[in-house]
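See the structures that follow.
Each of the next two complexes has chain A plus one more chain, namely chain B in the first and chain C in the second.
On to the complex of A and B.
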């Protein structure tokens, strides 16, 4: 037990938590924007996967940041496809999402095989690049806590730090700008928003395309920092866990960040536990993030239900 | 010009979707493949090549039918529950435990395996049902998480308890012959599983259209609020629907492991076929009697894609593109507006015609949707 505690309360573990959190958080922010606009994005998984592969293939011949941009464009394109079929052609958004997931799962393997010359498993044959690390070695100069801070915070990718800014930026966009207000209004009750002259379709398209961009960033971080290169199905359910984080985070950017951090911590725990306790089977440790998501889902739904009841009771009491 | 019946549109829509998907496939194959002729021949003609490949195709059809049925049930109640995968793993596990026990030496292990699988699947379907009905927890996320959990638990039990001790294998010993479905046509995979699938189709059709509970289920899918006013216990219907669908998912697991293709418990046996069941259910517009037809067509393409992967330089995973395109096009009712508009007399809208087949629109609503009290 003490071993576990010393492992968890260490700078290296904190570093690992940040590492596992960032892809989840980026995807969850994407899920949040789509969800707030009233279009549930179940395609986060497929968007992450497609962006990861795109970034790997493009970065094999171009600088890392072009790979990143290409990945983001791929995600946005998928978001636009979702918007087109859902909003313009009237397909159910969940079905469109699953269609995209199926296409991404098969299509990435197909394209991977084309790009590597036949390898259907990994992109080892491609010299793909990684997002540079941001060294904060000056932190080590701070007396006392410097060493710990450096170990925990130095060496994350540029995108990791950009994610922190993105959380704040998305909060600002949602709650301090007219666009954010419109987006939320459409998600809250589209007919009212439409009556006020806001186009629900436009806002939802925006939500889905931005959602694609953010999920794509998550996929890029996964394939260009957490791991270098693409492996088939490398997202392994992260897109769906991200949806759980949207719920647990009470559909607010800060909350979503905390929820993603929680899921990230459990994922990091699942990585360190086997080394400490060989008796705990790997399969069960692997399932921890899924169990946590399920429990969180129930807790969130229960809370939302109580809140609504209280609100309804309040309205009835007032009349 | 006479008015076309609604079903003709649905068929036309589906055929169009398939044609477009195939054209896209052909173009991609032409671009990437050095031997496009081989690839096309395998994709479109391969499954009929030998009795063995026909058997594999029909065996897939049985499994796709069961998966499509399980999903059609929940889709008809407008629940986007995708738990069939987890239910298949745990149902298969239950059937496998019976087949590997002393009961496996008797033919009784086949009916008992089915019952055990159905009960296990129903229990695993009940969980997301009850948390949906009680708390309004989104069933998409909950069923997907339960799938991952079931896969992990299954793999863990196989490795530590069920595989031969000390072997570290990811599979069990083969079941005794008496616990494996008898084949209907020798030296093919055509076995009892097909009979089970056909019985399931009829049973689910009867349940949905000839019983009070089936009526309640469809009412809840049609309009939960109206169903509630009509005196239907909506939460109970949700839980029951998820459990019945779970039973079918569990049976799918038994058909997998006790079928002649496996006859053992093996990690990953399901091969994501339950997700392809989504496509089958959507193409069949969630109607149980159409599900096997959709499964026949899709199973053919699926087997063709496998043969294409084996016999040409085009990977099997190409089929993911067909899956996606077909779902997108079939689900997009609005895309076909011009088809209707081109007629002299417009067909009535599906919504205004109570006898019209249900549109394939399903979904859990927003994530925060409240439980229907």
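On to the complex of A and C.
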């Protein structure tokens, strides 16, 4: 037990948690915006994957931040494609999403082969760049807690810090600006919003495009920081886990952040546990994140049920 | 509106599929009645710089040296296309159809009995002969534990901490075959050695480099100073962790140091050897044996060091990292394993 505690209460473990969380969280924030506007974005996975490849290819010949921007543009383009097919041509949003995922899975392999000259598995032939780490060594000068702060906070990727700001920024946009209110209104009940003069299509297109940009950032972090380079299908279902985090996080930025952190923490735990407890079967440890999700969803559903019941009771009491 | 788009999409799909079919049809029509027609149905695509590429190399060699006609049919990564691709190959008049990995085993078991006149070869897995289904199937497995034993011995000898790490994609037979051989070799070199074992698992055990890297970083944190990933592209992530933390690593399936030699010398440098699975060589031997009549269909073989189907890379980097007396011992061990003096316990059969 003490061994477990010393492992968990360490800067390395904290870093592992943050590394596994950030791509999930960024994609989940993307899922949140689309979901709130009323268009379920199941294409997070494909958007992450496409952005990861774009960032790797572009950063092989340009500075890292241009690679990052190119990745974001790729994600936004896919978001726009989704909006076009769903809103203009009236196709089902889930079907379009899955079409994008399929296209990304096959398309990235095709483009990878074009870019590397025939390699269809990995981007080893491309000297792609990484997002730099932000050094906060001056924290060490603070007496007392300085050393701990430096160990925990210095050396994360720029994008990790940007993610923290994005969580706050998205909260602000959603709940403090007119655009955010309109976006949520459209998602809540589109006819009412339309009657108030808001164009639901415009808001949903905005939601999907921003969703693409955020999912893309998640993919970029994965391919330019967590691992440097691209391999086929490297997102490995993170886009779908992110979608789970949106629902688990009660469709609020803070909740989504906590849900993603929960997934990240248990993922990191599943990585260190097998070495500490060799007697526990690996399969059991691997199932922990899923069990936690299930338990959390049950608790969430139960709470929602109670709230509805109370509300109903309140209404009846009033009449 | 909805239905029109769906039907248009369906039409587009249909056109693409027909186009592809027409293309393969043409390729078959172009072939004349040559002595032996061999096809390798890839459940994936070429370009993995390892497994499938090695098989393709074997195909090219048999075309050049045995005068057979060797085709390669890439079924892509969509599982739903694998069985149709195999059925398609079986319907065309090929004499020998080659498939690989346990993913194709089930499809092969279903299709092989329907084509008793066609011969099938499966590599890296064995079909279930006990059901009496597969008199026309030859199964090739690799005794990679033999070669991994040598790598494990070398790893334990060069390790300063006495802690080694293996990273498995999933706990399947061929992957465990590497792992158990590695452990036995490591223990032969140093009885007190600790071999940490991690499993990638999850939805994509063989293509999650970020997770492979996390697992390796955790093992390095726990003291491991030689990392042996057996996990496809996930393992490439583990190799990157070894590079970042400046510990040694061992490649798998093919000479993985060679992959990085030009683009990432720092990465190539830490990979001091690789455990090779020489798929191309084994397929070449099997087809050559078919022509000579020595390949016994309806049976399974496990090819190890003795057959040259597995080995470890011994290049300049290896010579630099591994001390001379250890290298000599390893060469002796290879002899002893090949002639049966040392028996390495495998995970398959």
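Side notes on the structure shown:
By our rule, the second predicted complex is superposed on the first by the 278 of 319 C-alpha atoms of A that agree within 3 Å, B and C clash if a C-alpha of one lies under 4 Å from a C-alpha of the other, contacts with A are read in each partner's own complex, and residues count from 1 in each chain.
The definition used in the following text is that a residue touches a chain if its C-beta (ideal position, glycine included) is under 8 Å from a C-beta of that chain, and two chains touch if they have at least 3 such contacts.
These numbers were taken from a predicted model, which means no experiment stands behind them.
In the superposition on chain A, contact of A:222 is made with chain C only, not with chain B. In the overlay built on the shared chain, the residue A:291 is in contact with chain B alone; chain C does not reach it. After overlaying the two complexes on the shared chain, residue contacts for A:283 are found with chain B and with chain C alike. In the superposition on chain A, A:100 contacts chain B only, with no contact to chain C.
In the superposed model, A:16 lies in contact with chain C only, and not with chain B. When the two structures are aligned on the shared chain, A:119 is found in touch with chain C, with no touch to chain B. When the two structures are aligned on the shared chain, A:89 is found in touch with chain B and with chain C. Chain A is touched at more residues by one of its partners, and among chain B and chain C that partner is B.
Of the two partner chains placed by superposition, only chain C is touched by A:274; chain B is not. In the superposition on chain A, contact of A:180 is made with neither chain B nor chain C.
Taken together, the two complexes place residues 85, 89-92, 99, 105-106, 109, 113, 118, 120, 237, 283, 286 of chain A in contact with chain B and also with chain C. Contacts from chain C toward chain A in the complex involve residues 1-2, 5-6, 9, 45-50, 76-78, 171, 196-199, 201-204, 207-215, 217-219, 221-222, 233, 236-237, 240, 259-260, 263-264.
Residue ranges on chain B touching chain A, taken from their complex, read 32, 80, 131, 135-138, 140-142, 144-146, 148-149, 152-153, 155-156, 159-160, 275, 278-279, 282, 313, 315, 317-321, 323-325, 327-328, 331-335, 360-364, 366-368, 370-371.
Chain A makes touch with chain B in their complex at residues 35, 38, 40, 42, 85, 88-96, 98-100, 102-107, 109-110, 113-114, 118, 120, 187, 237, 240-241, 243-244, 246-247, 251, 281, 283-284, 286-287, 290-291, 293-294, 297-298, 300-302, 304-305, 308. Contacts from chain A toward chain C in the complex involve residues 12, 16, 19-20, 23, 85, 89-92, 99, 105-106, 109, 113, 118-122, 124-127, 222, 226-229, 231-234, 236-237, 268, 271-272, 274-275, 282-283, 286.
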